[in-house]
Each structure stands twice: as structure tokens, then as C-alpha cells.
Amino acid sequence: MSIPAELRNELEDLYAEYADALDSGAFECWSDFFGEPCLYRIVSKENHERALPMSLVRCESMGMLRDRALALQKLNVYGPRAWRHLTSHLRATEAAGHIAVRANFAVFESLHDQTTRVLVAGRYLDKVVRTDAGLRFREKVCVYDSALIPGSLVAPL
Amino acid sequence: MSIPAELRNELEDLYAEYADALDSGAFECWSDFFGEPCLYRIVSKENHERALPMSLVRCESMGMLRDRALALQKLNVYGPRAWRHLTSHLRATEAAGHIAVRANFAVFESLHDQTTRVLVAGRYLDKVVRTDAGLRFREKVCVYDSALIPGSLVAPL
Amino acid sequence: MSIPAELRNELEDLYAEYADALDSGAFECWSDFFGEPCLYRIVSKENHERALPMSLVRCESMGMLRDRALALQKLNVYGPRAWRHLTSHLRATEAAGHIAVRANFAVFESLHDQTTRVLVAGRYLDKVVRTDAGLRFREKVCVYDSALIPGSLVAPL
């Protein structure tokens, strides 16, 4: 059952703006993509499939998202790098009170003086809600495929 | 000449569901994406461009697809891995009796205890038909770019 | 503010045809995607962000595009390889006299007897205009993320 083309169009825009904010390093905007109450997780495929609770990142409110973004911009120390998101296979289903959205993603990392490499590939399992301000994430769960990530995930996926 | 946005929407859904089935390891559903008569091939770019008949995989009926899926699930031995498809640049043209669809793809592989790598990139050259059950593949030809694939293609593309 | 689904559909087609022409080596068609006056640049993220004028490639007219395509086909010497573009997160905004389009891209390269690798990832920052012949690029600026590119960019992005 397909969603209407216009809704797909809106969702494509949401995911594009989200990726653009992260790839541009505009972390101060990150929490604006969410609506309270919210949940953001980065979890390995292995843990996700076994329904294990351990996450690499877990934020349960917009305050926690803002706190994390601030740490990223003011506290954390890491070398310069560029991230580039590609997203594909967006699928949406209208559910009670939200739109369930799944999509595949890959993030490519370019470290200074190194060639571009695959940082991580995986799947978004999200819940999107319509608010007065537009579409927002109620939940964003980033399930990454590899148990091993080169270097570290210095920013949100 | 663009196809209507609604048809693109339906095709995006078909390709997303197909990728999702493969990436989730739901190989028992693989043949459901095809409609008899059907043809599935994985062929190198080199052979495709020279119109050489040799394929890495060739299935000429849904029975052959089911047989292959069963072998994959019950017989073949290979280490645990995750696959993740990204597809892009979907182009569709209405032809006599089918919709011709082309798209670019890349598959990322995550082996246990290794970082994610590019497994294969290439192009789908497909024929899609509308059946009572929805859109189905009449033909799916996966043309991969590299003569050399790391490890092996343990699953369909 | 989303663009209409039908315009997104047309733009997706433009980017798919463009990628297809390059990946197929049909460089003689490259300039057909542009409308005079036109600008084509390949520039590093570092230079782009500092607004530095240095580009890896800069063509300021369709004549320069044709000249470059001809050089690529007749003069330049390089080993056989396949390129495959993936594009994602296309965002369009209607501006005065053109449509501003941004999209993320990655190009995968397969050299003879080597596995497929990430060649380059980055962002298109384009201006598209509607002409009698269809949508055409007024400007195409390809901003690549990594200062270091493996081998060389033998063809346009």
C-alpha cells in the first residue's frame, strides 16, 4: 500500500534537511527536527535484532538532544572530517498517531588527508508526526550494520 | 518524458520492499517479487556490454528462484554478514506490455568484526509488470561494474 | 516549503539521465544537459567554504564543456574503469529565474581487476532552468568532501 506521492515528497524533504543539517555541522539545529516527547537511539543491528536495550547513543528528550549537540560543539575533541549521508528506499506507513518510516542509509567520512571511506551503513526505523511547525521525529532509531566502526561516531547519524 | 509521480511512487515502493526483503534475509519472499514467466540475471558489465551470455546467476522461472532461495537458506555455508542496498537514479519508461526500469545500486557488506565495505555497485535493467497482486518483476538484470568482487555474492542483488 | 511532487519527479529524471550519461561514458552528450550561459565547477569543500576561487575543473560555456568532453574522449590517457553515481537528498527551491537544487552524491569506481571503491562523495549545488528542450543546468557546482582523491577524476562528476 503506497503512501500518496505528496506525502513521500514531504518526507523526502524532511530527510534531506536532516542530513543536510548534520553534514553541514549545524548541530544546534539537530533537536529542531524532533518533537517532544522524543526518542533518539543509535543501536547495532545485533542488539536491535535481539531486542537488547544497550545503545551507542540514547536521548530521551529534546533537552538531552540539545545537551549532546552542545557537547559535540563545545567539549568533544576530534580531528576535522566531513560526513556525507546518502539515504535510499524510504518506506512510509500511516499508523495510529504517527507515520512509520524506514529507510536505508550510508554515511561516508572524509578525514583530513585521507580518501573518502564508508563510515557506516544501516537503517532508520523512525516515527514521524505532523506538528504545526511541519513534520518532526517522535522517534529516530538508527540501526547500524557493523559491530566495528572505523574511528568513532563523533556526530549523530 | 517523465512518468507520472504516482507511478514513480509505486516503483520506489517496489524497489524498497525488494531491498528490504534481501537485506533482512527474508529469502523465502524473494520469488514473490517476480511474476511468471520471469528472468533473473546477475551479469558483469563487461559481459553485458559485449552481449555475452555468461551470467554469474541465471534463473529462468519462479521455481528456479525458489530453489536458489532454499539453497541459500538450507545448504550454503557462509559466515554471518549484513547487506545494505542503496538504490538511486530510478528511471522508468512505459513500453509495450511492461514498464522498463533502470536504476543504479550499491550494496554495502558488513562482515563480523570488520568495518563496512562496498561489496558491489552497478545497475538494474528491469522489466516490471502490473499484476492483480501489484507490481512484479518480469525481468531483473543486475549488471555489476567490477570484474572482481570481494569474497562472494552469497545472496541475490 | 516542499516543491510539488511533479517537479521533484522531473528533477529526479534530470539527475538520473545526467548520471546515466556519465556512467555510460556518453561524454558527447554531457553539454546537452546545460543551457547557455552556463557554469560547471568541481571544487573542494575546503575551498568552497572559504569562497576561494580555485576549482579542480571550471567550464564557463558550453563550448568549454564540449572541448573538455572531446579531450576526455580523444586525448586523455587512462586505464579502463567504471563509474557509478548515487545521488540522494535532492532538495529544490524555486528562485528568481531558476530552480536551486542541492543533492548529495557518491561516485563508486571499479578499476580493472580491482574491487569497487568510493571515489568521491560530496554535494551538488546547482541552478536549473526550464528551456524549450526541458530542464537544463544553468550552473552545476560539484563540491567534493575529501582533499585527497584516489587516482584521478578522469571524467566529470
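Here the chain labels run A, B and C in written order, and each chain numbers its own residues starting at 1.
Keep this in mind: a contact is a pair of C-beta atoms (placed from the backbone, for glycine too) under 8 Å apart; a residue touches a chain by one contact, two chains touch by 3 or more.
None of these values were measured; they are calculated from a predicted model.
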item	value
Same or different residue numbers at the subunit A/subunit C copy interface, by half rule	different
Angular offset of subunit A relative to subunit B [C-alpha, multiple of 5 degrees]	120
Centroid distance [mean C-alpha coordinates] between subunit C and subunit A, Å	27
Touching two or more other chains - residues of subunit C	5, 8, 86, 88, 106, 118
Residues on subunit C engaged by subunit B in the complex (per definition of touch)	5-6, 8-10, 12-13, 15-17, 19-20, 23, 82, 84-88, 106, 108, 110, 112-118
Residues of subunit C that touch subunit A when the two form their complex	2-5, 8, 45, 86, 88-91, 102, 104, 106, 118-123, 145-150
